[in-house]
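Please find the structures below.
In the two complexes that follow, chain A is the common piece, with chain B as its partner first and chain C second.
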Partner chain A sequence: MKTKALILGLCACGIAIIPSLLGEGYLIQVLNLAILNAIVVLGLNFVTGFTGQINFGQAAFFGLGAYATGIATLAGAPWLAALFLSGLVAAIASLALGVPTLRLRSYYLAMTTIGFGEIVRLVLIHWEEVTGGTSGLRAIPPISAFGFRVESQMASYYVLVFALALAILFALRIRNSSFGRAMIATRDSEVAAELSGVNTIRVKVLALMIGAIYAGLAGCFFASTIHYISPDSFTNRQAVLLLTMLIIGGTGSIWGAVAGAIGLTMLPEAFRFLDQWYLVLYGSAVIAVISFAPGGLASAIPNVVTRLKAAR
Partner chain B sequence: MGQLVINGLALGSIYAIVALGLLLIFNTVQIVNFAQGQLLMLGAFLGITGAVTHELPIGFAWIVTLVAMMALGLVFMAIVYFPLRGKPPFLIILTTVAMGIVLENLALIIWGPLPVSLPSPLTGRPLRFSGVVLSMHQIVIFSTTAFILLAQWLFLTRTRFGIMMQATSQDLQTARLVGIRVNRTIAVAFALGSALAGLGGLLVAPIFLAEPTMGGILGLKAFVVSVIGGFGSLPGAVIAGLSLGLIETFGARYISSDYRDAYAFVIMIIVLCVWPRGLFGEKSSERV
Partner chain C sequence: MLEIENLVVSYGHIEALKGISLRVEAGEIVSIVGANGAGKTTLLSAISGLLRPREGDIRWLGQSITRVAVEALVGQGISHCPEGRRIFPGLTVMENLLTGASARPRGADLKADLDLIFELFPRLAERRTQGGWSMSGGEQQMLAIGRALMSKPKLLMLDEPSLGLAPIIVEQVFDRVQELNRKTGLSILLVEQNAAMALEISARAYVLETGRVTLSGDAAVLADDPRIQEAYLGG
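Entry: the complex of A and B
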């Protein structure tokens, strides 16, 4: 117990001093983006990881949240109202998509969400008076609530870390609730879950909605910390990248989702020199992980550790 | 009007061919191949490499492309499907997505990002009937589609192997029990499914230009067509494909050309809400 507290304390110190090591600039912005992706992927983990449904709409939910905040705060709405609006817009969109399709076989949600992603992208590009078209929205006001204004990337970092911590705690609580067990039962066998009294359609719709709200809220933070949004950040390609972050991190693992998102957002910065080959290797790595370690790194690492211990 | 109908049907025929390839694989192994559009793109570029870069006669380039696509379908199956047999289908679907990323970026490395054009096998002056123009390539598209439909129908209902494939799609385990070499039928499904995607690419490239990122949206349209037609139903896919081609062409002309690519998805979402099993009913039974 004491060592656990010590490790936790050390981690907290490490997280606290990172910004002063990086300094204000590009790297801290990438780190902020990584934390935001972690929240979005945590949301995706509810519907894909726990409940086993493929959702390609997560980037679109993220985009809806970001544009809701961008449009609302540029029009003068208070930031907290924009935050609420972002979550609400994403939740409504997820219900509209989930209710008709989650009664059907699993690939229908996959296709509908892909279609939805494409529609959102086209609307963001062509509804120029409101969304700014391909050039997007600029100079979005920063986070400001309870008399605080979060201007710098460094200050945003601490806010985002706090938001991620809340997101993780909430996810852990849900995971260990009866609803969490219902989601996993639905993934493992819908028939068995139904027989045990789980309303699987309701569970699937709720899982999708919670995930969409995560994405919508993260979208709000994205708009008000990066200050600039354009349709490029919310395409189906981004949705696929979010899914692969979850797969490589470990579907169904909360810590795996966080690690996968942060790792795979930072990784391209280190592998710039690979250029076009990066995505080729990336796709191949995803295939390899699914084939050889379907639980992702979250399951592979403990396996390796136990094997090493056994060998000793 | 007449011109829009011809153009719409030509576009729709291509959607139908790609959807037929998708369904050939789906009906056999119950896996939706999300890389079908990228296979189509490879077909287009293999055709261009043959006919433009190496200046082969266009008919010969077509044959080489289709044979290469069959081989590629087998490789695809070996990487994406076989290692994951019996695992949850959503994992296999995700490997097809990842394979799509790999293929698209390999194509970007090999052929570069610039759009390229492929000549049509039939060149000549377009035919005119009372104001409606029918280009030589549209004749190629219509005759190829008619040929493919006839050939696929004859293959599935009149040949021993086709009937074995239908049996496999109805119940893989029972098919194996009655002595059908299931692995062989699955391999043929992937080879032919990939060749049909390649054929779609060869037909599309002379109308729109070919570029490595062309696959994504065309693959999605093939799913939409399959969903609207009732997943698994071949006649459904053909009718839905032709209808989508018409809707897109008329929608682009009379409603908005900006949202051309959105019509397909809007229609799909409406169809799913109103007739969840598609217009022609899902063919394959639900498996528990």
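Entry: the complex of A and C
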């Protein structure tokens, strides 16, 4: 117990001093992006990791949230109202997608969300007078609430870490609630879940919606910390990347989702010298994880630990 | 309690059940025996609402239930323990059991139910924090029955509990089922290929052949019937 507290304390100190090591600049911005991705992937983990439904729409929900905040705050709306709006827009979109498709079993959600991602991208590009078209929206106002304005990347970092901590705590709570059990039961055997009295359609729709709200809220933070959004950040390519982060980290694992998202956002920076060879490394790494640790890194680490202990 | 009249269920053009009538009374163990493909699993699926009948009626406590949703029926006291056990490997033993109580009202006291299940299957109590994936076949069957009991059913339907289990484990499971019926007066509808075991613990039985009831009556009498002996009891 004491060592656990010590480790937690050291982690907290580490997280707190990172910005002063990096300084204001590009790297801290990448780190902020990694934290945002972690929130989005945590959301994806509800519907894909816990409930077992493939969702290619997570990047689009993220985009809807970002544009909702961008458009609203540029029009002069207070930031907190924009935050609420971002979550609401994503939730409504997820219900519109989920209610008709999740009544059906199997891959309908996957197919529908691919289409949805493409529609969102096309609307963002072509509805120029509202979305700014391919050039996107610039000079989006920063986070400001309760009399604070979060201008710098370093200050944003602390806000985002706090948001991620809340996102993790909420996810842990849900996982250990009856709804958390119902999601995993639905994934493991839909028939047995129904026979146990679980309303599986409701569970699937709710899981999709909670995940979409995570993405929508992260979208708001994205718009107001990066200050610039364009359709490129929310394509189906990005959706696949988010799924990859979840698979590498470990589907169904909260800590895996966080680690996968942060790792896969930061790594390209570390391997920048590889240039386009990075994609080769990336592809091989994905294949390696899927073949040697199908449960992702979250499942591989405990295995390695037990093996090391056994070897001693 | 449960009355089924002239039930017809079909998959596309193929009739799996061709007009079945049967009943289960309070406190009875009734078994349905028959070969693979006779329609036993189809019958249980129709009762629990997983399949909709084309003709006929299923009445539960006097009410027709052919239009009731699967998860709603669990709340009305019919619990179906599916073929192949279908436990949730990603949940712990305890979580599997708690999921079985999904149809119970929020905040219901589950202690008595858990106590009963752990008394029947002490193995589950020992392994309550372990993952469902780590359970052996026999343990999975115990867990599946325990999970089905968590909805506090008035009728428990068991589909092939002996499937894939070693004979000694089968015997244990059947002993426990009988004990459960004696202790709590729970009605049990048992579907089994293992006719000898099923008839031994049942009050009455129905023999199903290609979608029709060909014989029915007192289980002890059926067990001595030469036609049954030849077809299902190997001698």
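In this text, the second predicted complex is superposed on the first by the 310 of 312 C-alpha atoms of A that agree within 3 Å, B and C clash if a C-alpha of one lies under 4 Å from a C-alpha of the other, contacts with A are read in each partner's own complex, and residues count from 1 in each chain.
In this text, a contact is a pair of C-beta atoms (placed from the backbone, for glycine too) under 8 Å apart; a residue touches a chain by one contact, two chains touch by 3 or more.
The structure presented is a predicted model; accordingly, all values stated were derived computationally and were not measured.
Contacts of A:290 after superposition: chain B is touched, whereas chain C is not reached. Counting the residues of chain A touched by each of chain B and chain C gives the higher count for B. In the overlay built on the shared chain, the residue A:191 is in contact with chain B and with chain C.
Once chain A of one complex is fitted onto chain A of the other, the partner contacts of A:255 are absent, as it touches neither chain B nor chain C. In the superposed model, A:276 makes contact with chain B only, not with chain C. Touch criterion met: A:244 reaches chain B, while chain C stays clear of it.
Once chain A of one complex is fitted onto chain A of the other, the partner contacts of A:228 are absent, as it touches neither chain B nor chain C. Within chain A, the residues touched by chain B in the first complex and by chain C in the second are 191. Put simply, chain B touches chain A in their complex at residues 32, 34, 79-80, 83-84, 87-91, 93-95, 97-102, 104-106, 108-109, 216-217, 220, 223-224, 227, 256, 258-259, 261-262, 264-266, 268-269, 272-273, 276, 286, 288. Those residues of chain A that touch chain B in the complex are listed here as 48, 52-54, 97, 100-101, 103-108, 110-112, 114-116, 118-119, 122-123, 125-126, 191, 236, 240, 243-244, 247, 276-277, 279-280, 282-284, 286-287, 290-291, 294.
Note for the complex: chain A touches chain C at residues 178, 181-182, 184-185, 187-189, 191-200, 252.
Against chain A, in their complex, chain C makes its touches with residues 48, 50, 69-71, 74-75, 79-82, 86-91, 95, 98-104, 132, 147-148, 150-151.
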